[in-house]
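Same chain, two partners: chain A is paired with chain B first, then with chain C.
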Partner chain A sequence: MHIICLVKFVPDVSAFNYDYNTSSMVNTHTKMVLNPDDVHALSFALQVKRKWPETYLEVVSMASPSVTVYMHDLLRLSVDKGTLLSDPLYAGSDTYATSEVLGTYLKGQHYDCIITGSRSLDGATSQVPAQIAQMLGLDHLLDITEVDMNHLSSNEAQCTVETDTEIQTWSIQMPAVLSFARNSRAKLPYPTFEALQKDVSGKLFMISNQDLGLKRDSVGLEGSLTKVVHTYEAENMSRAKTVVGVNDEGIDLLVQFLEKRGYL
Partner chain B sequence: MRNERIMEHLESMLEPTQINTDAADLYDASADRYKKYAKARNVLDVPPPLAIVYPKSSEQVSDLLVFCNENLINVIPRAGKTATEGGLENWKEQTLVIDTKLLDKIIKIDTYNMQATVQAGVPLQELEDELRKEGFTTGHSPQSKPVAKFGGLVATRSIGQFSTLYGAIEDMVVGLECVFADGHICKIKNVPRRSGGPDIRHIAIGNEGTLCYITEVTVKIFKIYPENNTFLGYLIHDIDTGIKVLREVMVNGFRPSVARTYSEEDAAQHFYHFHKGHCVLLFMAEGPDLIVRATAKAIEEAVEKFQDGIIEQVDSKHIENWFNNLNWSQQDIDDEFEGMKEHDCHSGFTTEISADWETIPKIYYSVMKRVREEYPRAHDLTMLGGHSSHSYINGTNMYFVYNYDIRCAPEDEMRVYHHPLQRIIVEETLKLGGSMCHHHGIGKFRNEWTKQEHGSAYYMLEKLKEAFDPNGIMNFGTIFYQEAGAKYQ
Partner chain C sequence: MKKTLVLQDTEHPHRSNALLEVAFGMYGKQHSESWLLCYTEAHDSILEGFDHVVVVKDGYQAVNDVRGICTSILSLYDEHCFDSILIPGTWVGRMVAPRLAKQLKVGLIAEINDIQKKDGTLEFIRTAYSGNVLCGISMQSKSPVLLTIKGGIFSYKAEGAPKAPTLEYIAAPTPSPTMKCLKRSPLEQSYDIRDSEVLVSGGGGAKKVVLLLQELAKALHGQVSASRKLVDQGLAERNIQVGQSGRVVNPKLYVAVGIDGAIQHVEGLRDVETIISINTREDAPICSISDFVVVGDAKICIEKLLKRIGADT
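This part shows the complex of A and B:
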């Protein structure tokens, strides 16, 4: 089986710093992490490869070259090939323009199955997997929680999808786009010490717009259909921390705080 | 000697309650806080000791050491278990951990002669609490104060947070008793000073269990004036400014009990409520009123002299509150251990070095540059910074601090993350003429640089080992490099 796994690296929201004086995010030194839904998708692909070692696994990401070190880490996990779609023209792409870039690349590739996460941590629209499926003329399943390894082949996959009200089992014809819901139990395996020492740069391929040949006005900000009307600061980010001492004054303040919110 | 025979001998020498062979305790005794993540994940690669034994007297320590010496059984002396550099890690199949648990008596508190004598297993906190009742202090306050015990403090050349005023443990020890591998019990008497040849206290102080077993310690005590404590704190532009102010205060002859400066990154994790993204400089002055006032004035003058680097003064309450919550408790250590079972991250790994005033900023910036340029896992670092926390008239220390996400197998953590970082820090420090270990000791993971650390003076260290531990039974691998132990490094 030939699997292509689409992944995105997103800012690590747990490591954000907030400047309470200027009410702004401090983005310096922000770390990137693999999008949690994509972790689920990739961990599934690696399970498939463990069970059927002849499986060919390619990881594709559209990002700036700064994610190269993170792509290298994925290539140390028995991923066969990494592809980074990267061009300054792609900066500012919305989900439509992103799907355009990814879809154009995928049109020229061989695959039995395209897998990815359903939502990205920094966007959460879940539009990209569906748009890619449409561009490629494939079926698509959103929010997969499990794929039955006993009913998985290059022709068909049996998948479980959980909605708010029910658990559904679907059988889907391959090739297809399977997008995975977040699963906090899904973890990528550890690379071995030996794998960490390996130079894997030869397995990572950089693809620019020169290779894909997309028109300038179909990508990046120009090619984006999304128009930002207004931005606002999430209310919870403006809450300042209050440090109280272990004294009568501090205890009174804490009690008032809890009473005001109905905890006492 | 076979293990069964060793156990039979131990049973003939000690009561059953003095011998511990509980599997969980032996696993715990096989490594210290150096490999705490691997330990928490149950993937330690070192052998457990055969037993932990608890002697009740110096004579029993002597008997145990004679037995081990004659039968080439490795000995690891152990006290409060707060070692951070692998000094308590076991690298031998046949090892006895000799624990100070039952050497737990405060022998004498002598407030007239300003000294206190304790057995090696007395927790520092216990003596401190007794002294405070009478208005005195040990003046020694390492972060591990609630847990650490005197035997370990002396054996590792410990230092406390108030060292700039009171000195480190080597400045406090008046006399001590220790036992050598051949069973000889030595008692160094308690006098204010002597010129009776070399100062032999220093054979025991800092020996890290490689030359002798410390059984009793006498330390100086000090009057305490908590009502006079004065705190001063500043946000500053860079760590260089902080070091310049620290130097100014020290070379002008003042001794604040605390004098520290933090990089932006390190300040952010300690002082989240006031750092504002800047470096931090802070002081605490303590002692008699006139001395405190003079010290505070000298600090303010030093700050004024380097005002171009000062951003603003911090509310002293912030500094005071921070100090009041600085020490670890056993609960903190246990919580950290449990946390590491759940999360793939390591917070607060440190490598501490020292150098003269001129050299310390050079080491700091060289290390930062090399880590950024050379370290292949730099993208996993969640924090890299440092602080100076112990100053002297001729220089200061630098505590490099780093946190990282762990993206490798737990058993590989040290060689993927800590060791390459530690190597850069040690290499840059030694290259520029500093000391690779300011106060944690060498342990087992900086032993490859012990010769380089001491240079031509290593001759003296080597001869001490040959003289006092000719069979090499004392804490194999600590301080002195051992080829056979390299597989665990």
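This part shows the complex of A and C:
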């Protein structure tokens, strides 16, 4: 089976802090991490490869060349090929322009299955996978929690998804776009010592717009159909608050407070 | 008149007219004409507020047919040239809307929280970076305006006697044979945190008191919810997650145990009557929007509180 896994590196937002008193972001350090939903997707692909070693796995990301080191990390995990779609023209692309770039690259590739995360940590709109499916004329499933390894082939996958109200099991014919939900139990393996020593740069391919030939006005800021015009600082919503400690007096005040407002 | 098409929220049919508020926010109620594309039985409570309802025959078979839904919306668009198309931020809606955007060659703004008008242009507000930032986004493409809207953010306000909408029936396109739903079962969660009046919510600082949260919720006649941190650690189910990647809640009392409060969390609590936070840090963001703050260890605090109100077991 030939799997293409689309990934995104995102700022580690858990390191973000917001100071409500000064209404500003406190960004002490922001490192990039592999988007959590994509971790689940890639860990699934690696699981497939462990079971069927003949599986060919390519990881594709659209990003600036600065993520090269992170791509190298993935290439140390039995990923066969890495592709970085990178061009200064692509900077500032919204979801529409991003899916144009990724979709155009994928149109020229061979694959049985394209897998992605459902949402990115930074944008969280889950638009790109569905738009790629539309461009390639493929079926798509979002929020996959599990793929049945016993019913997986290059013709069909059986996937469990979780919606707001239901758990559903779907049979989907390949090729298709499968988008995985975040799963805290999904982890990427550590590279072996041997892999750490290896030079993997030969497995990483850089693709620029010269290769893809997209029109200048269909990518980047110019090709974007939505535009962030403002970034807001959160409105000050402070309330007159009572502050107590965890002691008898504090608990008494808390109980009085709850009683007065009718919750006890 | 500005024309708006709303795709029915088939997971929560009675919530569909909440999306009308978004249309009214953009164009004003007097200048709005609305259509509902309806897949379930057309009860009055679902139709209220709409001018026209397009009912899909045997729609229950097509509720999850993403490509079929797109086809139906596009053919209605060809007929009526809507100024806006509003899609609920459900599982199906989140697959439908991006496809439509590509087919119509328009931008899509997802999961908006608010609408503002600036110098005659519309600006849509949403959160980004896990709710740590609020962005104002404008549409650069031609009509229609395409949006997805998450449940619980907007609510329909009925005014006067409801008028009966015009009804039209259409057939669903034949579903593609390449996808088949083999099994459907309801999620086991017995409650929906969006309906709760009292929520006891645990965050990263509540790892060791998950069971106590249940007891406190019981004593306050409420339910337990959780922040993303607790869900990510596998200590709570995703369907009780509050915030951008979870659910938007609107309880009367919100008890935040060990939650620091990213913007997404704090924004979602704007209309909550009473917020109590239990936190080891008085300078945690959530404390500044709380009515009552207990600074200290959550375990000791909840145990003392339960004992004091005689709810300890």
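In this section, the second predicted complex is superposed on the first by the 217 of 264 C-alpha atoms of A that agree within 3 Å, B and C clash if a C-alpha of one lies under 4 Å from a C-alpha of the other, contacts with A are read in each partner's own complex, and residues count from 1 in each chain.
What we mean here is this: a residue touches a chain if its C-beta (ideal position, glycine included) is under 8 Å from a C-beta of that chain, and two chains touch if they have at least 3 such contacts.
Keep in mind that what you see is a predicted model, and the values were worked out from it rather than measured.
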Partner chain in contact with A:143 - chain B first, chain C second, else both or neither: second
Touch count on chain A, higher of chain B and chain C: C
Touched partner set for A:243, first chain B, second chain C, both or neither: both
Contacts of A:185 with chain B and chain C, given as first, second, both or neither: second
Which superposed partner A:263 touches (first chain B, second chain C, both, neither): second
First (chain B), second (chain C), both or neither touched by A:31: first
Partner chain(s) touched by A:196 [first = chain B, second = chain C, both, neither]: first
Shared chain A contacts, counted only where both chain B and chain C touch the same residue: 19, 21, 241, 243, 245
Residue numbers on chain A that touch chain C, as the complex places them: 11, 13-14, 16, 18-21, 25, 36, 94-96, 99, 119, 121-131, 133-135, 139-143, 158, 161-173, 176, 181-182, 184-185, 224-234, 237-246, 248, 250-252, 254-255, 257-258, 261, 263-264
Parts of chain C lying in touch with chain A, wherever the complex brings them together: 11-12, 64, 66-67, 90-92, 94-95, 97-99, 101-103, 105-111, 123, 125, 127-130, 132-141, 151, 176, 178-187, 198, 220-221, 229, 231-234, 238-239, 244-245, 253, 262-263, 266-267, 270, 273-276, 282, 285, 287-297, 300-301, 304-305, 308-309
Chain B-facing residues of chain A, complex: 15, 17, 19, 21, 26, 31-32, 69-70, 73, 190-193, 196, 241, 243, 245
Parts of chain B lying in touch with chain A, wherever the complex brings them together: 268, 272-273, 276-277, 321, 377, 379, 382, 405, 407-410, 412, 415-416
